[in-house]
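Here is the structure we will look at.
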Amino acid sequence: MESFVQLLNNVLPSLLQGVGVTLQIAAVSLLLGMAIGLPVGVGRVYGPRWLQRALAAYITLFQGTPLLIQLFLVYYGLPDLGLTLGRMEAAFLTLGLNSGAYQAEYLRGALQSVGEGQMTAARAIGMSKWLAVRSIILPQALRLVLPAWSNEAIAMLKYTAVVFLIAVPDLMGQAKILSSRYFAPIPIYMIVAVFYIVLVGATYLLLRQLERKLHIPGLTGETH
Amino acid sequence: MSTATAPILRIENIYKSFGETHVLTGISLTVQPQEVVVLVGPSGSGKSTLLRCINLLSPPDSGRIWLEEQEITAPGVNPDKVRQRIGMVFQDFNLFNHLTALGNVMIGLTKVRKMSKKEAHDLAMFELERVGLVDRAHHYPAQLSGGQKQRVAIARALGMDPHMMLFDEPTSALDPELTGEVLEVMQQLAREGMTMIVVSHEMGFARQVASRVVFMEGGVVVEEGTPTQMFEQPVHERTRVFLRKIADMDSGGR
Amino acid sequence: TAVQPAAQRPGAAPAEGSGKLAQIKAAGKIVVGTSADYPPYESIDADGNFVGFDMDLIRAIGERMGVEVEIQDMPFDSLIAAVQEGKLDAVIAAMQATAEREEKVDFTIPYRMTKDAFAAAQDSTLVMEKPEDAAGHSIGVQTGTVQERWVQENLVATGLTPADKVFSYERADQAALDVANGRIELLLMDAEPAMELAKQTGLKILLITESTAEGGKSIAIPKGASDLKAELDRIIQEMLEDGTIQRIQEANGLP
Amino acid sequence: MDVVQNLVTTFNFILQGVWVTIGVTLVALSVGLVFGVAMAMARVYGPPFLQAVAAVYSVIVRAVPVVVIIFILFFVIARFVNLSPFWAGSLALGFASGAYQSEIFRGAFQAVPPGQMIAARAIGMSKLQAIQSIILPQAVRLALPAWGNEATLVLKDSTLVFVVGVPEILRRAQQVSARTLEPFMAFSVAMLLYLILTLVTTQVLQWFERRYRLQM
Amino acid sequence: MSTATAPILRIENIYKSFGETHVLTGISLTVQPQEVVVLVGPSGSGKSTLLRCINLLSPPDSGRIWLEEQEITAPGVNPDKVRQRIGMVFQDFNLFNHLTALGNVMIGLTKVRKMSKKEAHDLAMFELERVGLVDRAHHYPAQLSGGQKQRVAIARALGMDPHMMLFDEPTSALDPELTGEVLEVMQQLAREGMTMIVVSHEMGFARQVASRVVFMEGGVVVEEGTPTQMFEQPVHERTRVFLRKIADMDSGGR
């Protein structure tokens, strides 16, 4: 017990730093994923046929292959082609592209469930197709997609764990360094597991709050 | 039915098919300003399709349509602009679910008519007053009754300052008790001189308000005339049978 | 013979000094862990075989012990834990016997003395005369290595290099790639693998030093397996004396 | 053509990892299936104590990155039984997948109409018999779409076992990369192989879904 | 109603509550072999609950039940074994959705009665023949009409070789046209001498087939007698009112 407290004392500062890195990567990647997923999702539904196909290919590529390989390819592979990204940039880009593919699919589902009638009504008062998408369809779809998006945010928090493989000292990376420094992998990974549980739990509660705030009677499901 | 003024709408021989289904097979129809035309016909006869052709939501395959002397089926016409002049109200309301009653009326004003927030708000409140819903302005669609929803939909269309209005079975999704409040608003509109084409099987409304009843079947106009003519002495046997049937339903339904 | 299921299980911690060797002999094979990403010590050739100095050495040792050698590839920083947990009978991975490691596992006598190297990109203007000259420059090391520890203790803890300029890589070749890419300035690792990597990726060796290393390369074995240690020490000593080790080193291009 | 020659060698080398990847995935999915079904049954039909245990398992495991679970289990499993990295990694992955599968099957169990259980009991089946031969076969069919999705996720997560030294596709790609120091080619080949694997998996599972669709 | 043979079922003073709801409040009932008892009563009077008590799907809180002289409410009785002797058919069929008609009948035979595949198959086909559904043997529930589903459910129950059968509103989920085929099968069963308790408001069936009609209300038996007694000269006013009401509904529904 005493030695565990000792260990905890030793590893806590580094792990907390790791938490900071993890949160940063998750947040940036999630936002980047949104910036990608939004237009891609809209393009998948309302774009011309050729664009729909191209976007589907992007989604298949990123959903159909492991994140780890995407990360290695971006970080270690792209320099072969002359593009050398910094480790953080590589992490953001890979996780962002990956998340973008998923977010686009969630958005597509939401867009499709808004209903044809909303589009027709918007066109009937003289809106153009894109204005209708922007001011009628998207505001509803974005609310509908929120639960799926919350899941994605939580998944992202966990998926960031792969960046330790490109020597980014996130929570997982710190765990790996510490466990070989103190030769105590089991307790250290247990502590790290608790960290993730707390992070995920807090994120979950936060996003529930957001869902409640954006709740519109009759549009989004009851949030209780 | 002949007046000296120019017709507000002239439809000439339009055709519309969906794949193998020939829905409209040569429809012609002329509407004068301030007329209220009630369109009746069996299910699938193409009534909704005709309305959607008129405001170009689904443009006709052939044939021509003039709105206030402008040929709107001509190439180069911006359909968005045309639709601003033609209000449309649907059977299932299609209110924007994420906006309050007020928001539903305002959004077209700010986004399409480019009004300022303030102007839009005031006009929207005016239109809501017209349909008797000022006290429901801040309710979301899910918090409104069917009749209230339909009245908001009417206010939304009126907000665009349309030159004519199309109604596609505006009361058929409503409980009988809620139908009355919507018909009343429409009657009021007619009194104010709004030109209207109404698909409806509410025969009481047709008798009292319609200047003309048009009976469609199989993608063509079978017969048209004043309500009295159509209800009392229709030329065609089919018209008689159909109108008798819906008159029966109408009384049975109450 | 009497069956002793509990003691036979490699997973069971050896209760006393004797037994481990007997177990290995009884099983007819020794399970040895390595991290096959460290040529010329250990790597995998195009046909998937484990090759390199350590690999040849352990096979030669196995021969003298009269048992088969089964090699298990895993990440370097998992190796100590794996021996501790009884997953492996021994580890041969160009590993040095440090004081920290010796708290967790036992080591044989060194089979080879060792030096470390600092490497940088070909166009680097950095000049190094002593290890501390690396101060302030971004540097890559492999997770769980002696070199990582040296950097932490001598550059980071002393404030010479900020902590965020030290990068711990899963594998040494990844660090070398990043030096070549210009993502980091320096790399600290074992001298011979460093030279091998430098040759392939066009790095230059700035400094070869003994002062960052802690001693020689040894084989790690479970704590308290004194019979196994005695046997391995005996064989290593024998091989050092009869020139076997020298021969294997030369065969693998090691000085 | 040196590049082509290189590519062919690389491809052949990494290709051998495909079988390991498939093996890891199949073991993990099966282990996860057993865990998942058992936990789902515990949650739907079990006593309150078991329900709580199963719920906690599901919440905790789903909140922690799979790679952390692999590390913990790799060392914990190793403490009790001597398993190769292949088995340790696959079991760890299966343990993680079990949590996700338990959610899938819980939903499926709950979607089987309650009348099915009553009818089964009414012809004299015991509760266990009813679960076995009436509820489970239907729940499995209902779970199939979500399960198919989980299968592709496990296939992709199987890359993570490379951290404990399982020579699957990614590990082999890394070995090539370490030897040739040409990571782009190595990882591109790995990516391609995975893409093929996931696409094939999706097709096969969709076929199953169509074949065994349950009409209610 | 007094016969010399031992009763097949004897229910003595049973009580059953769900939380605060006291559903059965002292029910006693005796059924002789080969009797067909039709149970009627208003919704919520506890008819379904009584049937579920009889086959121990929800055991009574107090009171005792004897089946063929054995007290099945005694401690230590295996309810699974009891249920094999009592077939039950539900309002909403509850066919096993993943099995064909044949599979539905067979599964109890192989899993509960431990028959071989071959035996089970032959007996199941025999039972399907009895309900006139041999040609539907390989259809899944979703491919059967309501009436066919209910006949499969009857065959499934019969396959267990029950000593008596319980029917809980077996035709109330069926369209009127499909009700006939199920009642016919039940009538046939009655002719063959099967003891049956039937919750049903099919008065035609009760008149023709029932040996006794039992009227329940508020968790007790209010009155019982032959169909003629019950329909023509019931003792209690409540019985008269209730039977009159369902007789009316019955004719109105056709």
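When the chains are written out, they are named A, B, C, D and E in that same order, and each has its own residue count from 1.
Just so it is clear, contacts are C-beta pairs under 8 Å (C-beta built on N, C-alpha and C of every residue); 3 or more make two chains touch, one makes a residue touch a chain.
Treat the numbers as computed from the prediction; the structure is a model and nothing was measured.
A.B. asks: Setting subunit A aside and leaving every other chain in place, which groups of chains remain linked through touching?
C.D. replies: B | C, D, E
A.B. asks: Chain by chain, through touching neighbours only, how many steps does the shortest route from subunit D to subunit E take?
C.D. replies: Between subunit D and subunit E, the shortest chain-hopping route counts 1.
A.B. asks: Among the chains, which has its CA centre at the largest distance from subunit D's?
C.D. replies: B
A.B. asks: In terms of CA centroid distance, which chain is the most far removed from subunit A?
C.D. replies: E
A.B. asks: Nearest whole angstrom, what separates the Cα centre of subunit A from the Cα centre of subunit E?
C.D. replies: Computed from C-alpha means, the inter-chain centre distance equals 57 Å.
A.B. asks: Averaged over CA atoms, how far is the centre of subunit C from the centre of subunit D? Could you give it in whole Å?
C.D. replies: Centre-to-centre distance between subunit C and subunit D: 34 Å.
A.B. asks: Measuring from the mean C-alpha position of subunit A to the mean C-alpha position of subunit B, what distance in angstrom results?
C.D. replies: Distance between chain centres, rounded to whole Å: 46 Å.
A.B. asks: Which positions in subunit B touch two or more other chains at once?
C.D. replies: If we look for residues of subunit B contacting two or more partner chains, we find none.
A.B. asks: Of all the residues in subunit A, which ones touch at least 2 other chains?
C.D. replies: Residues 76, 79, 179, 185 of subunit A touch two or more partner chains.
A.B. asks: Going through subunit C residue by residue, note those that touch at least 2 other chains and give them in order.
C.D. replies: Each of 78, 81, 177 in subunit C touches at least two other chains.
A.B. asks: By the touch definition up top, name every chain pair that qualifies.
C.D. replies: All chain pairs meeting the touch criterion are A-B, A-C, A-D, C-D, D-E.
A.B. asks: Looking at the complex, which residues from subunit E come into contact with subunit D?
C.D. replies: Going by the criterion above, the answer is residues 55, 57, 80-81, 83-84, 87-88, 90, 92, 94-98, 107-108, 111-112, 140-143, 153, 156-157, 160.
A.B. asks: For the complex, give me every residue of subunit A touching subunit B.
C.D. replies: Against subunit B, subunit A makes touches at 117-118, 120-128, 131, 135-136, 139-140, 143, 216-219.
A.B. asks: Please give the residue numbers of subunit A that touch subunit C in the complex, ascending.
C.D. replies: 76, 79, 84, 86-87, 164-167, 169, 173, 176-177, 179-181, 183, 185
A.B. asks: Residue numbers of subunit A touching subunit D in their complex, please.
C.D. replies: 60-61, 63-70, 72-73, 76-81, 154, 158-159, 161-162, 172, 175, 179, 185-186, 189-190, 192-193, 196-197, 200-201
A.B. asks: Considering only the defined contacts, which subunit D positions touch subunit E in the complex?
C.D. replies: Residues 113, 115-116, 118-126, 129, 133-134, 137-138, 141, 214-216 of subunit D touch subunit E in their complex.
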